[in-house]
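Look for chain A in each of the two complexes below; its partner is chain B in the first and chain C in the second.
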Partner chain A sequence: MRAKPILLMTAHRLAILAYIAFALFPLYWLLKVAVTPNDLLYSEGIRLWPSRATLDHFDFVLRHSAFPTFFKNSLIVSGSTAVIVTILASLSGYALSRFNFRGKYWLVALMLLTQMFPLVMLVAPIFKILSPLGLTNSLTGLVIVYTAFNVPFATFLMQSFFDGIPKDLEEAAMIDGATQFVAFRQIILPLTLPGIAATLGFVFTAAWSELLFSLMLISGNDQATFPVGLLSFVSKFSVDFGQMMAAGVLALIPACLFFLLIQRYLVQGLTAGAVKG
Partner chain B sequence: MASIDIANIRKSYGIHPVLHDVDLKIGDGEFVVLVGPSGCGKSTLLRMIAGLESVTSGEIRIAGKRVNELAPKDRDIAMVFQSYALYPHMSVANNMSYSLRLRKVAKEKIASVVSGAASKLGLDPLLERRPRALSGGQRQRVAMGRAIVREPKAFLFDEPLSNLDARLREQMRAEIKKLHKDLGATSIYVTHDQIEAMTLADRIVAMNGGFVQQVGSPLDLYDRPANLFVAGFIGSPGMNFFEGTYRNGQSPRFETKGGVTIPAQVHAELADGASATLGIRPEHVEIGTTAPDALKATVDLVEPTGFGIILHLSFGKAIFKAFTNDRAFLKASGEIPVRLPPERLHFFDADGNRV
Partner chain C sequence: MAYVARQDGLHARRPPLMKRIADGAAPYLYSAPALILIVTVMLVPLALGVSYAFRDIQLLNPFSGAFIGLDHFRALSQDQAFYRALRNTLWWTGASVFLQFLLGLILALLLDKPFYGRGLAQALVFLPWAVPSFLAGLNWSWLFNPVVGPLPHWFYALGLMSEPSNILSDPQLAMWGPIIANVWWGIPFFAITLLAALQAIPRDLYEAASIDGAGPVQRFLSITLPFLAPTIAITILLRTVWISNFADLIIVMTNGGPADRTQIVASYIFTQAFKRLDFGYASAIALVLLALLLAYSMLIVILRQWLLSKD
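Up next is the complex of A and B:
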């Protein structure tokens, strides 16, 4: 009688473990290569951990490469994109969730349409638009492009969070004496923190790892973001894997920190207790 | 406190009319209850008064001033929602004081008003809790507290007790009545619970399909329902109806479709042979009577409620109910003598209106 559930549970756990191992293995490999000294990289064959580990690559990347610049640029671009997109998406998501206005249907259709094109098709026209404005080879240009591409999806995401908050709450606030905007800011927004955190995280990682536009719109190391910067470890004759992986590990840190910061909001169901329970 | 005038209000959603020419004057300090079946437009009317729905045509006046175009915040009314709509991220005290804080009332004043309301509602020990840590009844009280701290011109209630269990509902009903006595606030209360309507109301407004059917005191509606809808809606168990023909003449009487003849009083408005509906409340049906004009009815079912007994009876195909407190009828079966006292009969003409 009891053997079956235990067996099932073990199988279940094993499956999850297998999945996690599969998903995390590339990250592990990243770390492993990053700490492998250059002379052991090809000589030791395939081993799970090198016989001698070193932090030299990290040291080199931080002190002698342009990586800190890339890192800073990426932080600026991704941070600004995430903040701008989240603010815009909160406002537009709220409008889509709560207001009925003329052309709403078409607006939504149009926003969906923008999500359907492969981005590669848009590189040339966007370059053509930004170049006379002096926005190529500039972080501002990159922020504008990323914002434009992320707002539609983020809007839908925020809308679904607003849809989950009972309308009664802001009506109660309005009767209590708030304007619609005050009700939005003081009642609805605090309850949407999990949604805002999710949107921030989503947009931040999307911008953080974006390569295509960054590669096309930026030339030169000064304005390059880190995904482009990684490519600079590829020279004509060799690939400096150790340094590249070390840079990659460092690049993971902000994303991890970011999710660590917001995970509290991601799991919290703040609306509990608002209405009858 | 203020009076509320509702003048020829109409409401349509697109082409769908929801309220038709609702006309109602609510006096200062009056407690008015809106009753009616689901979907008849009670909430819509209440929300229009609150300013949460636009007015399609007609005028709403609060304290004599037209408010059609005013935002909810400028109408100075308070509302208790069926869902309570407590702010989940605020403590009980902050929930109650939110409206005062928005109005920039002095801190000391807020503290004293909130503690006054809290002690009135027995919320003192809960002031620092979040709504999610409260029981349904406590949440209900907080919602009431939020409404009373502000001393608004009027209170609106949309089925405030419908999420509570029967016992708690009874208790809160009494508290609301007491509160109204204390504050004397103009109140509009939506419910589909008849007992709430009967016990709380100064006046009841019975609605159906977006039309006001009757406005009057609870006993008015009970004793003299204006039409078949009100007659059937008010009272539990509901009024019995028989369709048939009214006969004038030497001995006025009513002949049901099933061929039963019931003696009646004179109703000059009904012509001889007019088709009509006869109504009688279950508690007015005399059973086990020895009167000479008694009829024979078959007992189909006996339902003891503890408080009394509901007997399901029939004249042939025509079924009806009788209510009695006499426990002797617990064992009733077969045929029993039944009398429908003429002075207790209600008559409705072919259009369903009282005559």
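Up next is the complex of A and C:
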């Protein structure tokens, strides 16, 4: 009788280990090829770790390629998007959390709708609208587009954080003579700081990952964000696997940092965004 | 609001007019910036896109732009590549959602019971979710590449392949490449949402059931599954829409090839707009996709209402 629980426990741990291996293996391989010297890449094809590791590929990518520019552009775009979205979403999320107003139902319906329809539909019309304004091939154009795409989901996320803060707090402040906006800014926002950090993280990750609109809207190397730069690098120099994967590892870093930041809020974020992934 | 707290009964003074206007306008002022942005950057282009579907819009042709009625839709009804993309979309969405859900549910059940190192295990298995989709696509296309990736060699060693070759260039198997990448990338999403739902189930129910002599399978079928059912339904429905629109992995890994075998409707729209710069035709396909998804989404709205009314 005692063998059964031990057997079950072992099976459970092994299953967990299998999942971890499946989740990490591709990333491990990315790192492995990135540190494999070129002369060993083909001779030691499927060894799990090269007999000799090198950081040459990282060195090359950082010093002799356009990747630092791509990295900087992506950082500017994702950072600005995250900040602007968080400001707008904390305002609209507050409205949804604290007020009952005419049209609220329609506002929520509109925001849900924007989460449902295929964004790829907007590729062509947005290009046509932005092009005469000089906002194609421009980081500003990308920031505007990404901000609009992420506001609805961030609004629901912020709303869920505001809902967790008791209403009495503002009411007490307003009895003491503060206006609602002052109460919002000085009492509620500071209490929502973890929620604000989570929203920043979610939006940053989403903007960092966006591919189709950056491919469509950006054409020059100077304004290219990381995905655009990496894909054009792949199609041009598809034999420099070491360098491509070193660049890939670099693209992974900010995403992983933000993942650590928002890990605690994943459930809230995924249920608020539901369709956002 | 100050005297609202002080007032007793119905005979309190009404607030001054200016204050009432300010109070009434407040929620609109809070939500205006977000609303304006959504309308100008999403709704206006959406309307414009719908109009493109009935116009001849080609970026490189300055004389295009005329209304051509239903010509695009007539062309579309003859377009074999479009029908193939529709079938591929069903296959891509069905296989991805099914595998993501199944593996995600198993993972959630595994993570539901406490064990030493659970926090770390959870962080590691959820990590793929944070990997940017373009990188996930590139990463998997490298793994499938016999030059630098191990997978073809492993498949060969297992006898699944007659020689180590790239499944992404095999018309029969190519779709499995993006599907596997998508499953890898999407398991955490299902696992996280299902885990949250699992942990909301009252534990004493399980104890009561075991006292009554229910085995693990019986407990799963009569407690866990009914409690999870609403979450499962809504997650699968939403995820289906999202994945059927999710073209990133396909664009990165195969670009629809070989011979359109991995082209889904969303990637077909993008290819028409991005490569052929035929915005009119791209918008016509998009409109058809929108109509199909709208029909499907009505189902979700109804289900959501039903769930909300149940609470």
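Of note:
FYI, the second predicted complex is superposed on the first by the 232 of 277 C-alpha atoms of A that agree within 3 Å, B and C clash if a C-alpha of one lies under 4 Å from a C-alpha of the other, contacts with A are read in each partner's own complex, and residues count from 1 in each chain.
The criterion applied here is as follows: a contact is a pair of C-beta atoms (placed from the backbone, for glycine too) under 8 Å apart; a residue touches a chain by one contact, two chains touch by 3 or more.
These numbers come from a predicted model, not from an experiment.
In the superposition on chain A, contact of A:175 is made with both chain B and chain C.
Comparing chain B with chain C, more residues of chain A are touched by C. Of the two partner chains placed by superposition, only chain B is touched by A:166; chain C is not. By the touch criterion stated above, A:190 is placed in contact with chain B alone, chain C being left untouched. In the superposition on chain A, A:209 makes contact with chain C only, not with chain B. Residues 171, 174-175, 177, 270-271, 274-277 of chain A lie at the contact with chain B in one complex and at the contact with chain C in the other. On the side of chain A, the complex with chain C involves touching residues 12-13, 15-16, 19-20, 22-24, 26-27, 29-30, 33, 41-42, 45-46, 88-89, 91-92, 94-96, 98-99, 101, 103-104, 107, 110-111, 114, 116-129, 144-145, 147-149, 151-152, 155, 171, 174-175, 177, 180-181, 205, 208-209, 211-212, 215-216, 226-227, 230-231, 234, 241, 244-245, 248, 251-252, 255-256, 258-260, 263, 266-267, 270-271, 274-277.
Residues 1-2, 5, 24, 26-28, 30-31, 33-35, 37-38, 40-46, 48-49, 52, 57, 59, 106-107, 110-111, 113, 115, 121, 123-136, 138-140, 142-143, 147-150, 153-154, 184, 186-189, 192-193, 195-196, 234-235, 238-239, 241-242, 245-248, 251-252, 266, 269-270, 273-274, 279, 282-283, 286-287, 289-290, 293-294, 297, 300 of chain C are the ones touching chain A in the complex. If you check the complex, the residues on chain B that touch chain A are 50-52, 71-73, 77-79, 81-89, 98-99, 102-103, 130-134, 136, 139, 146, 150, 163. By the touch rule above, chain A contacts chain B in their complex via residues 166, 168-169, 171-179, 182, 187, 190-191, 270-277.
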